[in-house]
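The structure follows.
For reference, chains read A, B, C and D in written order, and residue numbers begin at 1 within each chain.
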Amino acid sequence: MGPALLQDTTTSRMKPAIALEGISKSFPGVQALADVSLSLYPGSVTALVGENGAGKSTLVKILTGIYQPDGGTIRVDGVETHFAAASAAAKAGVTAIHQETVLFDELSVAENIFLGHAPRTRFGLIDWARMNADARTLLERVGASLEPSIRLRDLGIASKHLVAIARALSIDARVVIMDEPTAALSYKEIHELYELIDRLKADGKAILFISHKFDEIFRIADRYTVFRDGRMVGEGLIGETTQDDLVRMMVGRDVGQVFPKQEVAIGEPVLTVSGYRHPTEFEDINFELRRGEILGFYGLVGAGRSEFMQSLIGITRPSAGAVRLDGKVLVIRSPAEAIEAGIVYVPEERGRQGAIIGMPIFQNVTLPSLTRTSRSGFLRMAEEFRLAREYTSRLDLRAASLDQDVGTLSGGNQQKVVIAKWLATKPKVIILDEPTKGIDIGSKAAVHAFMSELAAQGLSVIMVSSEIPEIMGMSDRVIVMREGRMVGQFERAELSAEKLVRAAAGISEIAP
Amino acid sequence: MAEAHVQIRHIPDRLQSRGSRLLKSWESLLVVVALLIFVANSLASPYFLDPWNLSDATFNFTEKAMIAFAMALVIIAGEIDLSVASIVALTSTAMGYAASQGLGTPALVAVGLAVGLACGAVNGLLVTRLGLPSIVVTIGTMSLFRGIAFIILGDQAFTEYPASFAWFGQGYVWWVFSFEFCLFLGFAVVYAVILHMTNFGRAVYAIGNNQTAALFSGVRVARVKFTLFLLTGLMSAVASICLTSRLGSTRPSIALGWELEVVTMVVLGGVSILGGSGTIGGVVLAAFIMGMVTFGFGLLNVPGIVMSIFIGLLLISVIALPILYTRLKRRMAH
Amino acid sequence: ADKKIALVVKALGIGFFEAANKGAQEAAKELGNVEVIYTGPTTTTAEGQIEVINSLIAQKVDAIAVSANDTDALVPALKKAMDRGIKVISWDSGVAPEGRSMHLNPSSSALIGNMCVKMAADHLPEGKGDVAILSATATSTNQNVWIEEMKKVLPNYPGVNIVTTVYGDDLADKSYRETQGLIQSYPDLKAIIAPTSVGIVAAAQAVSDAGKTGQINVTGLGLPSEMAGHVKSGASKSFAIWNPIDLGYSATMIANDLIDGAEAKPGAELNMGRMGKVKLDDKNEGAMADPFVYDASNVEEFAKIF
Amino acid sequence: MNMLLKNREALLVVAILALVALITLRFPGFIAPANLGRVYNDTSILIILALGQMAVILTRCIDLSMAANLALCGMVAGLINVAFPGLPIPLVIVAVVALGAALGSINGLLVWKLNIPPIVVTLGTLTIFRGTIFLLTGGQWINAHQMSAAFKGLPRADLFGIPALSWFSVLIVALMFVVMTRTATGRAFFAVGGNPHAAVYTGIDVGRTRFLAYCLSGALAGLSGYLWVSRYAVAYVDIALGFELDIIAACVIGGISIAGGIGSVPGAVLGALFLGIIKNALPVINISPFAQMAISGMVIIIAVAVNARAERRKGRVILKKAEAH
C-alpha cells in the first residue's frame, strides 16, 4: 500500500510552517532516514508513528539542528534553511522535547529552562531574578508547581519531564516537537499536557507529536505520518484512519503472528522471593517463579522494576527479604555471585550496562563465562570463539566477523550479543529487562522465539517490559508494579490491556 | 526452535589475520620511530654503538619502565596512579631505616616490597571503598607518601646499605646485561602474559571500556582495581629497590617527578589515557624510545630540558598525526 | 687529541655556575689542548646528575669535575667513571671520598663558617641578638658542613643566639616564604645568615618587603651582582663569597693536572695555575682561597664582574 | 548542622576558621589583621590560578600546564623588562596575559579540534612550555638587579594599606564571579561539564567552550607569571615547578568536582586560602617544615572524601512513602 493521498482541505490551503523534502540520513551501517518528506502546519497536530528504530527521533534531531542531514532540504515559511547547530533551529522558531531528558542535573530548574537564551540585564549579564520569575510562569503553564531555584537532581523523572516541556515553551516557537512526551508522566500530568497542547494549537503553533500510544494519538492529533525503516509509508487525516490501519502501515504485515509463544508445561517453583524491601526503592515483593514459566513484569517507566531486579543480582542491597533458588536460601552480594548461582540479568540500558563497546563480539559474549572457557586463569581463545559462535548463531546475529567491535553493530544486533552473553552462562533463571527495547521487528521476533524456546527447555524467565503487546504476547503470568510495589497479578487467561494499564497507573488516580 | 528453518549464516572468527592487524597497529608505528631514532643516534655520535654505553643507557629507563608496566594496567582499567614516585621515595626511606637497624639484604627487600604493597593498598582502598576519583586520591597520597619520607628523614640521608644490596642496581647478570635490564625484560614478559593471556587481563580491559557493564557481567570490579593499585605499589617498590641500590643512598627527594615520565611512557606506548586499550609491547617500545632519546641527546650534551621538549612534542604528535592523517584521507575521498 | 674535561654543575642557568664556567674556559684557553664540556641537569637533582655523568662516561671524557647535588647518590656512578679510567674530582659541593679522587673546597669550611657568624655578629645592635639560618636544600652537602662549622665557632661569639635553621631549597619563592615565617615567628630576630646565593637574595627581598630594613641584617654568601641593590638599600650590610670564576678555573686546572699524571693523595700538592697550588689534607680535600667580604664600599665595583 | 554539611562553601569556611583558631592557639600573632593580610597576599597568586583551573575542570578537562605557562610568561615579562626597562608595566601585563591566553589556546585547540584527551595535551605542553623558557634564555636567570624598580614595585605598591598584589586577586575574584554566574560563557562551562551530551542539544558548542576555558586559564596563568616574577624579583626556568598540583589541590579542596560541572568561585577561593593558610602557618607554629608535605597530602585526601560524601547521590526515591521523609 502506497502513501495515502493527501485530501485534507483545510491544511492543504495553508502554507506549512516548516517543510522537509527528501531528507536522508545514514549512520555507519544504518540508513536511518531515506528520502523523507514531511510538512507541519500552523494550528495543527501531526502525529508521527513508527516502530522502534523507524527513524522518528533522528528526524527530530535533524529538525532541531543536532544532526545535519546527508541530503534534502528544510524550508521554514518557504525559505530554504540550514540548521548548523541547535541554536540555529531555536532561532528559526523550532523547539523540541526530546525523547531522552537532556537536562543538567547540577543546574537549577530555572537555568535548565533558560540555558542558552537567558534574560539579560542592561549590561548584557544574566538576569537571575527575571529568569526565576519567567521560569515560574512557564512552570505554571505546564502545570508543575516547582520552585525554580532548586537543583534539578532533586526532582523525580516526571518533574524533570515537565521541566523539559517548560524549556521547549520558553522559546517562543512556531514549531513544537514532542518526542514521546508522555512516556514518563502519570495520568494527571498527561491530561494537563493534553490541555497544554490544545492551547498551543489555538495559538497557531505547528506541533509534531511522536508517540507509541494510540489512544492519545487519536485523542489529540489532527493528522498522521507513518514511518517504516526510515521511509515515509503513509500520511493523512486522523479522522479518516483506524488504529488497525496505522499498525498495518507501521509493521508492514498483520500483527497476529508476531508473538511466537509456545505452550509449555509449567513445573515446580524455582525462584522464590519473599518480603523483599528497600528503604527508598521498593517494598513487599513476594512471588514465585516456576520452571518453564515466562513471568512478565509490567509497569510505567520509573515503577521500580529495574531497581528490584538489580537487587536480585546484588547491584543494590535490599534491607530485608529472602531469595530461594530450588528451595535453598541464597545470599547474593554481586553479579558475579548471581551468575555462579545461575541467576542472570540482561540489563535494560544496553549501551551503559550491557554491551562493552570497544571490545570484540566474542569477548563480550564470553566475559561472564570466562571461568568455563579458560584453564587455570589463562585464556583459551579457540574455546571462546566456539562458545561465542554457538550462542550468536542461535540468535541469528548479523556481523562481519566475531572479532569485530560490538560498537560497530546495529542496535538490534548489539542486543543479541548482550542476550547471548548471559545465555552462554547456562543460567537457571534469566531476567530480561526490556529485552526488545530499541530493536527492529525481525530481531524482536528472533529474541521472542528464542525466549520461548528457552522456556520450553525448562529455563525460567522473568521479562520486564513496558510494551503491552509484548507483555501480553509472551507472558504466562504478569505482575504489575507501581511506585515500588506489586499492585496486581494476572494469569495469562485473564490478561487484558485495560487491566494492566489501570493497575500500572493506579485506578484511584484516574479522574472520572 | 529447530535449526531447520533458521538459516545459519557463518560468521568468521577473524576478518584480518593477526599479522596484518599487527602491521597496522600502533606498535608498528613505534617500531619505525624507534628505528629512526636508533639510526639518528648512531649517525650523530660515534659513542652510541658501544655495547657498554648502550648497557649504561638502559639505566635511564628500566626503573621507570617497570613502574610503567603496572601503570599501563591501571590506565587501561580507566584509573591513574600519580603517587608512584612518592611510593618509590617512601619505600626507599623504609629500607634505609631498616638497613640502619642492621637488617640484611633479603630482609630489606621484604621491607621494601611490603611498604610498596601497603601504599598501593591505601590507594586501592580509597579508590574502591570510598569511590573517590583516582586522579585526586593519588595527588593526595603523592604528597602524603613523600611527606612521610620527609618526616622520617628530614635533612638526613640513609647511606649504610649492606654491600650485597648493591647488586640489584649495579650488578650484571651476563656480559653487558645488567640485573636491572634483565628484570625489566622479565617483568615485560610477566605483564604481557597477565594482560594479554589471562582472565584477569580481560577483566582489566572490560573495566576500562565499560565499568558498569563489566560489573553486570560478573567482573569483580572493586577487587580487580584494588589489585591493580597493589601492583603499582609493588612495582614502585621493585623500582625503588633498584634505584636505592644504584644510588647506594636514600634521600626523601629521590625519583622526584617520575610520575609524569611514567605516564608519558605509558601513553606514548599507545595506551589510551581514557582506558580500554593498549598493549605491554607498546609500553616496552616507548621505554626504549624514551631511553634512546635521553641517551642520544645526552651524548651530544644537550640539556635534559631540551630532551623533555622533544618527548613532549613526540607525545602530542604521535597522537595527533594519525588523527590528522585519517582526517586528510577522508577529505581526499570526498 | 684534546683532553676533555667535563664541568658538571648542580643545575644549568645559575649565575654562580655560569661564572665558574667562565673560569673553566679561561683555564682551557690557557692550557691550549683542553676542551671543557659545561653541563648539568636542569633541576638540582641527583638523578639528573647521574644521567649526565653516564653520558659523559659514554663519551669517554678524560676528567669529570662535579659540584654535587647529593654527597652519596653520585658515588656509584662516579665510581664507574673512575673504573673506566676517568679522573673525578668534586668542587664547591663535595662527593663522599669513595666517589672522587679529591675535593676542592672554595675556601676552608671552617673559615666560611666563622666568616658567616662574624658578619652577623659585627652588625648586631649591642652586640647580641637572635640569628636564624636560611639554608638551601636540606640535603646540600656544603651547606650542612658550613652550618656545622658555624655552630662550632659560636662560643667565640657569645652575643649570637642561633634560633633555627630553615630550608629554602634554593628556590626563590620558598626562601622568600621561609624568611617571612622567620620574621613572624621571631619578633626579636636581628640577623639572617643565608650561605646560599639564591637564599640570600630572596631573604633580603623579603626583609625589605616586610619593612624591616635596618632591623634585620641579611648576610651570608651571595654574588655581588645580585646583592648590590640590597646592600645599597641596607637590607644587607655585608656578605661574603669567593670568586666563582677562580673556582671554575682551579677545578679545571686540577683536573688537567690529574690527567697529566699527578696523583691525589694526602699531602700532595696539585697545580691550580694562576691560583697557585692546593695542598690536600688527610681526607684528600683542599681549599682554594679565603672568602672575600663585600659591603657598600666595594660591591658596586665587583657587581660588574660577577 | 545538617544544612552546613550540605553546603560545601559553608563547610570550608568553618574548616578555615577552625584551622585559624587552632593555629592561633599555638601562635597568637597569627590572628593579627596584618598577618592575615600577609597570608592573603601570599595566597593571591594561588587564588588567581585556582580560578583559571576551575574553569577548565568545570568543563571536564584539566590543565596540567598552568604552572609551566606561568613560568614562561613570567620569564617573558622579565625579558621584556630587561630589554625595554622604560616600557610601562601595564603594557607588559597586557602582553603576558595575551601570551598566556595564546599558550592556553594551544591546549584548547588540541582538545577541541583534534580531540586529544586533555591530560595528554597538557602533559605534553607542560614540558614544552618549560623547555621553551630554557631555549629562550639558555637557562640564565633574571635577577632582581636586572629588573626595573617599577616592574618590581607594582605588586608591592600600597593601596589603602593593602598591597596591589592582593588587589589583583580581589579584582580577578570579582571578575570571575561575574563571568561564572552572569555570563552565557560562564554558565556554558557548567553545562558542558555537567552533561556534554545535553549541552549539544542546548545549542552549546562543547569544543569551543572548552577552548575558551583553556584560553581563560592561560590568560590567568600569564597574569600570574608577571605577578610571580615581580613579587619574588627573580625569573628562571623552574619557577613554580610542581605548582600545578597545588592549583589542582586547591580546586579539589574547594569542592570543584574533577568529573566536571560542579564548583563555584567562592569554593575555589576558599580552597586556595585553606592551602595558603596551612603553608604559611606551618613555619610559624614550629611544625617541622618536613611535615608540611604530608599534611597537605592528608588535607587533600580528607577534602575529597568529605566532598564525595556530600555529593553522593541519595539514589532515586521511588516509594511514595519514603519521599515524604
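Here, a residue touches a chain if its C-beta (ideal position, glycine included) is under 8 Å from a C-beta of that chain, and two chains touch if they have at least 3 such contacts.
Per UniProt, the chains are A = Rhamnose transport system ATP-binding protein; B = Autoinducer 2 import system permease protein LsrD; D = Rhamnose transport system permease protein.
What you see is a predicted model; the values in this text were computed from it and never measured.
Among the other chains, the CA centroid farthest from that of chain B is the one of A. Centroids of chain C and chain D (each the mean of its C-alpha atoms) stand 36 Å apart. With centres defined as mean CA coordinates, chain B is found 44 Å away from chain A. With centres defined as mean CA coordinates, chain C is found 74 Å away from chain A.
The residues of chain D that reach two or more other chains are 134, 139, 237, 290, listed in rising order. Counting only residues that touch two or more partner chains, chain A has none. Each of residues 12, 42-43, 138, 167 in chain C touches at least two other chains. Interchain contacts (touch definition given at top) occur between A-B, A-D, B-C, B-D, C-D. Taken together, the chain C residues at the contact with chain D in this complex read 11-15, 18, 42-43, 138, 166-167, 171-173, 176-178, 180-182, 184-185, 187, 201-202, 205, 209, 225-226, 228-230, 303. Note for the complex: chain B touches chain A at residues 1, 6, 8-15, 197-203, 205-206, 209-210, 212-220, 276-277. By the touch rule above, chain B contacts chain C in their complex via residues 45, 47, 50, 53, 56-57, 59-60, 154-155, 157, 159, 166, 169-170, 246-249, 251, 253-257, 294-295, 298-299, 301, 303-305. Interface of chain A with chain B (complex): residues 313, 315, 334-336, 338-340, 345, 347, 352-359, 362-363, 367-368, 370-371, 374, 377-379, 385, 389, 392-394, 396-404, 421, 425, 449-450, 452-453.
Within the complex formed with chain D, the residues of chain A that make contact are 64-66, 85-90, 98, 102-107, 111, 115-116, 118, 124-126, 128, 153, 156-157, 279-283, 302-304, 307, 483-485.
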